[in-house]
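Chain naming follows the written order as A, B, C and D, and within any one chain the residues start at number 1.
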């Protein structure tokens, strides 16, 4: 177990390193003069040059990267190139928001998708199964700004039950924010729904084939006992891990949702950073994201191992 | 099979294809899916012939006109016929999301097969790298790449490929891992089959059913990705009739002309449903017929 | 509405795109200017009718040769940190803005200033090198906000004399509170101003509709018309001098052949573009930046030849392009520009001009000066109180932002005259000439001037939108007291 | 319990017809089948794969697959009609009054629930037991099924205990409510011989003491002989003969039954003495059954009358036979024997002139990669010693049989020979020259000399390649034939294994297990190899098919004069085909003997146990019961000294624990790896089995 954790930690560090290099490398290739993008098209050469000096943009790339890495490891995330704000505070603030949203999404998506998937799986190839897969699939290809649009029209403007906008106040507590979290969460859920539901369905169908189900039934156990105690326990394993993994994506992958509802999450900050060539900001966000992804992966494995006696970590 | 000497030959493609289609049409769901896919494929082929208007043909006087006999799906802000654009979009979507997914599938499959079969440190390395890529949000990768390559159809293809190759590779790899322990692979190795042959003739077919489903799902998300990129103002260039882009553009004036948004959106929903249902059917048939 | 309240009341929540630069010397976007313009004060301001209004300068006098400007400053003005405002601060501010070694955006604008002196505790004297009829307008330039002399880092520390103080400045919003000791009594009327950042216009309009935002000043024509008859919302639109510009580089092929330029002009239907893209808000353009709002200078004497694709085709053929031209049309991703591009593509196609559209993120397009490089491009130009600015930076030979690389001695000479003479009639004549030149051989097509939109909750009164939204003055906005 | 039925029939099946509906068509998997199981009786159902055994079992349990249905007939359990009962109604019976012991114990247990909990469920559901009482009852049950360590099993997950223990747990589950009817579907199939023996003992004894009626489904005639009072023989969904086990085995009255009995190699038979009589042809597909007697196409006695449906004739002694000519058979006027295959008997290979394959001290150890910590502490993980120092020779044209239970290292050794799993130590020689360990180092030449028949026919052929392609490839790659040449050769290959050319166009899924195995064998002989390794070549096959494959193997071997390493866990089969036999346990050889000496003392104690564990095809045969203690140790913790000492019934004491035994050899050429001197063994041991009565009747 401890060996397992050790190895994972090593991999995590490796991943962080690789991704930070990837991101840094690509940003070097990005067109656009960083200084010019920061100071705007009206700034004069001298000003630009001064800024480049200040930000060390004239140093060779590996020096820049090295400097960043060194500082970052020492916990100094630096100031934003563009807004000059201390990055750490900004990113952590946004991370907090993103976590709140991600949490809500999981809380919504999990029961919804599982129920749908289980029902579909238990009624394989029956109308209800087809209905569920068609319904959930129809929204997969639709970008969040369409589903979001519809949800807003209906839930906010027609029924007036939820706010159309989610720009939560700074430092809002989870419960203050909750009403504003639901719509974006619902929108993101629709994207995941089909994926998770289909996965669950597959899992259920797969397990139903297993001989042990027959054993259970022929014990004279009630339908519910068979389904919940025997089938689902095994059927849901893959689903749970997938959800845990997608948690990483939820943390900063929700760019569009955050835009549509103007939710102050990491995703929008990410776009901002790229737009503004705000390298240290971008790197910080990337690291956070990768960390989140890695941790949720780890979480997934642990949950899986916990629920599945056949798996031994190590 | 005319000459006895030819007895090694498999049944002609045609017959197997018919059998497959027959199988697909036995189940209502996959029948529906297949029909939809066929429909859109035909549109992609003959779209330009049947579209009443050009993809960027603007009738200023008809701007924002609601659905009517002249414009079945109404017109958009610039007075372009939505119906025509949806039809012409079919080819566009296949060219973009379709080709992109295809590239990802080809790359992913090759890498996944090789990495899984070869195993060892190389496999470890490749998977590490892919994990790293996967741990970056798709849109981040997309934004960075598009920023670097400059917005264009080609760049979007690259993006889709880069974003989905690792995922496909993973799926295929897991199949490769399970198949490579099978007896018939030992047999192939004992016969001294070439690596390529082992990967693509011996292992690959077993991956097909899973791959079909994965690919269709990727295709769905590719459409989605293209649209999202459009939303962020990068990627496909106007006046492309890409449904994702149409939806994005129409969003700006949805309150004036909802049809301009809902018809392309509907098209997306339809093809996604179609492709996925068909893939389910394919998986079922492929496995049923061989395992 | 009731009588103006003696004390501040009410909070106004404004949707704006995120601010990046907070140093007044660098601010450029609506939101940056809006915030700065309420935290700091200008020496002189411009009202919505483009007339100069006193602000920190209560009064001024100009020498007959138009080279000396003496300003009397308001008494008893204090900065947010409590220190007193004096002539020194004005001197320091403008010296900073014009110092060539700092290379601030305003360096060129104020290059013409010879000296600035605090001739008294509350009196400042500017000496110009040569006369400049628009100098007061230059002084009210967006960046010309008065800082405390010796201010250390204006981009992170905000110490102004303005009607509002920065209470909190985060990555997703900026909250301002009324400056209770503002030097103009009865202002501001609101006690809070919350600038909430939106990346997406539709989102901000939704927020307005659901009452989570009170004021939106940045939205597409369609979004605006969708707000037309929303209960509880007053929508405002005003014409501006801002315009979208389509230009061809004339310093190299194919643009260096006048016939090609003419072909483009003949192939373009400005009216149609205006109607499709702007849906009738604003005004049709005549290929010159001197728009109809400059009533004294605007002229329709020279008529624009009507659209004639066939003639255009012919011209191209003559110019050596018998089977048409293929070019890439570059455009930033903001406003109606991508739409305009699509429209032009369709119009031009008829004349055998085939363009591929390349929409690029605004920050990149302007960021790496791509917009100055490309052959064929669309650029958005913000509204300015006087036309001279456009001529100086956009069309004069070698001007900083001469994207079309246009270089025409006659034009330059006219522009200089207009920019220096103190004789209004002369100037009017020059401007008319210029418009003639631009229509006949100018490298630019200006299909339309756009309107500025705003929508505000009907809980508020006293809102007056300005052509450049960022300069809108919210000091006088107040909550309607029930 | 239900004393009113004490002397009656617990289960009456009358004229039962079950059909399955697939893809528009429907097939009858059971046709008008009738039988009565009396109280306390264990009723065996034998038949080859696809004959409808499981279908019967499930029909009785009232749990047919969704697409299956009872077309007609009645199933009367304790006087109550079961047919058409609702699920809910059945639930009252399931687990309470009728219980199923399924095949494949591991898959039949919920992998993520502890065994104790799974047993407890039944008692909870039906007897409402709770808490400590429940726990005690479960432990008690686990004890009654002779689980050595009930507490541990109670708290273990299925994958943590051995197959035998899993099956015992399932039996405990089935017995927990003392049901009146027990349905067992192949309960011991897939278990090791020794384990199977123990489980069979258990079942038999339980049946005796409890007087539970049981329907026992199996394809193994030996098993039936051991546990069943009566037996019914199914063929393609029809009951062709039934009666008391003894009588039926002594004199079968249906040619099919006779065929089955004849096709099984009896313990001690060898190919040099007898040929197996396989039943020609194969079971017809259910949708293309012949009219009249369905066995007719394969029957050596078939005559005109057989074109009419034969009735189920009562033939006295409570027996019935569905054969028109049963009386002639009874009177011995005709023999239901298949005619012996024309091929002559294989001549015994006495002269071991040329050694084809030689092994010295071959080891195959598996080590997982070292972890960081282990590298630091330099502590190597305990490797799996799958093969642990094996010396063997295979002579030209002769067969070496390798027997051993599951996990003993047979496959690993085979793979080491082929180079698929490189040996980690020791030498191998092919035709006198050194054989490189890894496949990589072997040239085409060498690979052409070596061929293998892989353990599992369903895995040996790529499901996505046509048979033709699978056969063509080695011809192209190893013999370098052009594609067209290869294609035409495919013909001959298929003929050589008695398959029609058109099979070339089929996919594996369209072949029966036997046919697949034929193809695999055909592929193995394409290059006319010097050495053939056959790993469990017949284990997964039906007896009648098995017989023909065994014959086929020896034919081809004789024809090609190849040496053969024949691997199986079935001593009878090995005994039949091999010239020499090696017994392997935990990767070490225990015994190496010429086949004729194997079945007589002295034996290695392990061999002795194996012999006594094999279920004989003769109900009358008395068999000494030697049952091994405990479980097979994990291959990663092989006991020191003699690896067998932990289970040995002739355990001497410390010496077995501390010292490696010597190889002892006697004049007969028997080599035994044991501390006990051979003469002493010989004195102590008697033949633990009687030769099957079947033997004498054969020529």
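We take it that a residue touches a chain if its C-beta (ideal position, glycine included) is under 8 Å from a C-beta of that chain, and two chains touch if they have at least 3 such contacts.
This one's a predicted model, so the numbers in the text were calculated from it and none came from an experiment.
Student: More contacting C-beta pairs: A-C or B-C?
Tutor: A-C
Student: Which integer distance in Å separates the CA centroid of subunit C from that of subunit D?
Tutor: Here subunit C and subunit D have centroids separated by 89 Å.
Student: Subunit B to subunit C: how many Å between their CA centres?
Tutor: The separation of the two C-alpha centroids amounts to 46 Å.
Student: Suppose each chain is reduced to the average of its Cα coordinates; what separation in Å results between subunit A and subunit C?
Tutor: Chain centres of subunit A and subunit C, defined by C-alpha means, are spaced 40 Å apart.
Student: Could you tell me the distance, in whole angstrom, between the mean C-alpha positions of subunit A and subunit D?
Tutor: Centre-to-centre distance between subunit A and subunit D: 52 Å.
Student: Give the residues of subunit D that touch two or more other chains, as numbers and ranges in rising order.
Tutor: Not one residue in subunit D touches at least two other chains.
Student: Going by the touch rule set out above, which residues of subunit A reach two or more other chains?
Tutor: 31, 259, 271
Student: Spell out, as numbers or ranges, the residues of subunit B touching 2 or more other chains.
Tutor: Each of 147, 150, 251 in subunit B touches at least two other chains.
Student: Go ahead and list every pair of chains that touch.
Tutor: Pairs of chains that touch one another: A-B, A-C, A-D, B-C, B-D.
Student: Of all residues in subunit A, which touch subunit D in the complex?
Tutor: Listed in rising order, the residues are 3, 6-7, 10, 210-212, 214-222, 225, 229-230, 233-234, 307-310.
Student: Could you pull out which subunit A residues touch subunit C in their complex?
Tutor: Against subunit C, subunit A makes touches at 31-33, 36-50, 82-85, 90, 93-94, 152, 156-157, 163-165, 167, 170, 259-262, 264, 268-269, 271-272, 275-277.
Student: Touching subunit A in the complex: which residues of subunit D?
Tutor: Going through subunit D, the ones touching subunit A are 61, 63, 90-96, 99-100, 102-104, 107-113, 121-122, 125-126, 157, 159-160, 170, 173, 371-373.
Student: What residues on subunit C touch subunit B, complex-wise?
Tutor: Answer in residue numbers: 201-202, 220, 222-223, 225-226, 272, 275-277, 333, 338-339, 341-343, 345-346, 349, 356-361, 364.
Student: Sort out for me which residues of subunit C touch subunit A in the complex.
Tutor: Where subunit C meets subunit A, its residues are 18-22, 26, 28, 100-108, 153, 155-156, 168-173, 196-200, 202-204, 206-207, 209-210, 212-213, 361, 363-364, 366-370, 401.
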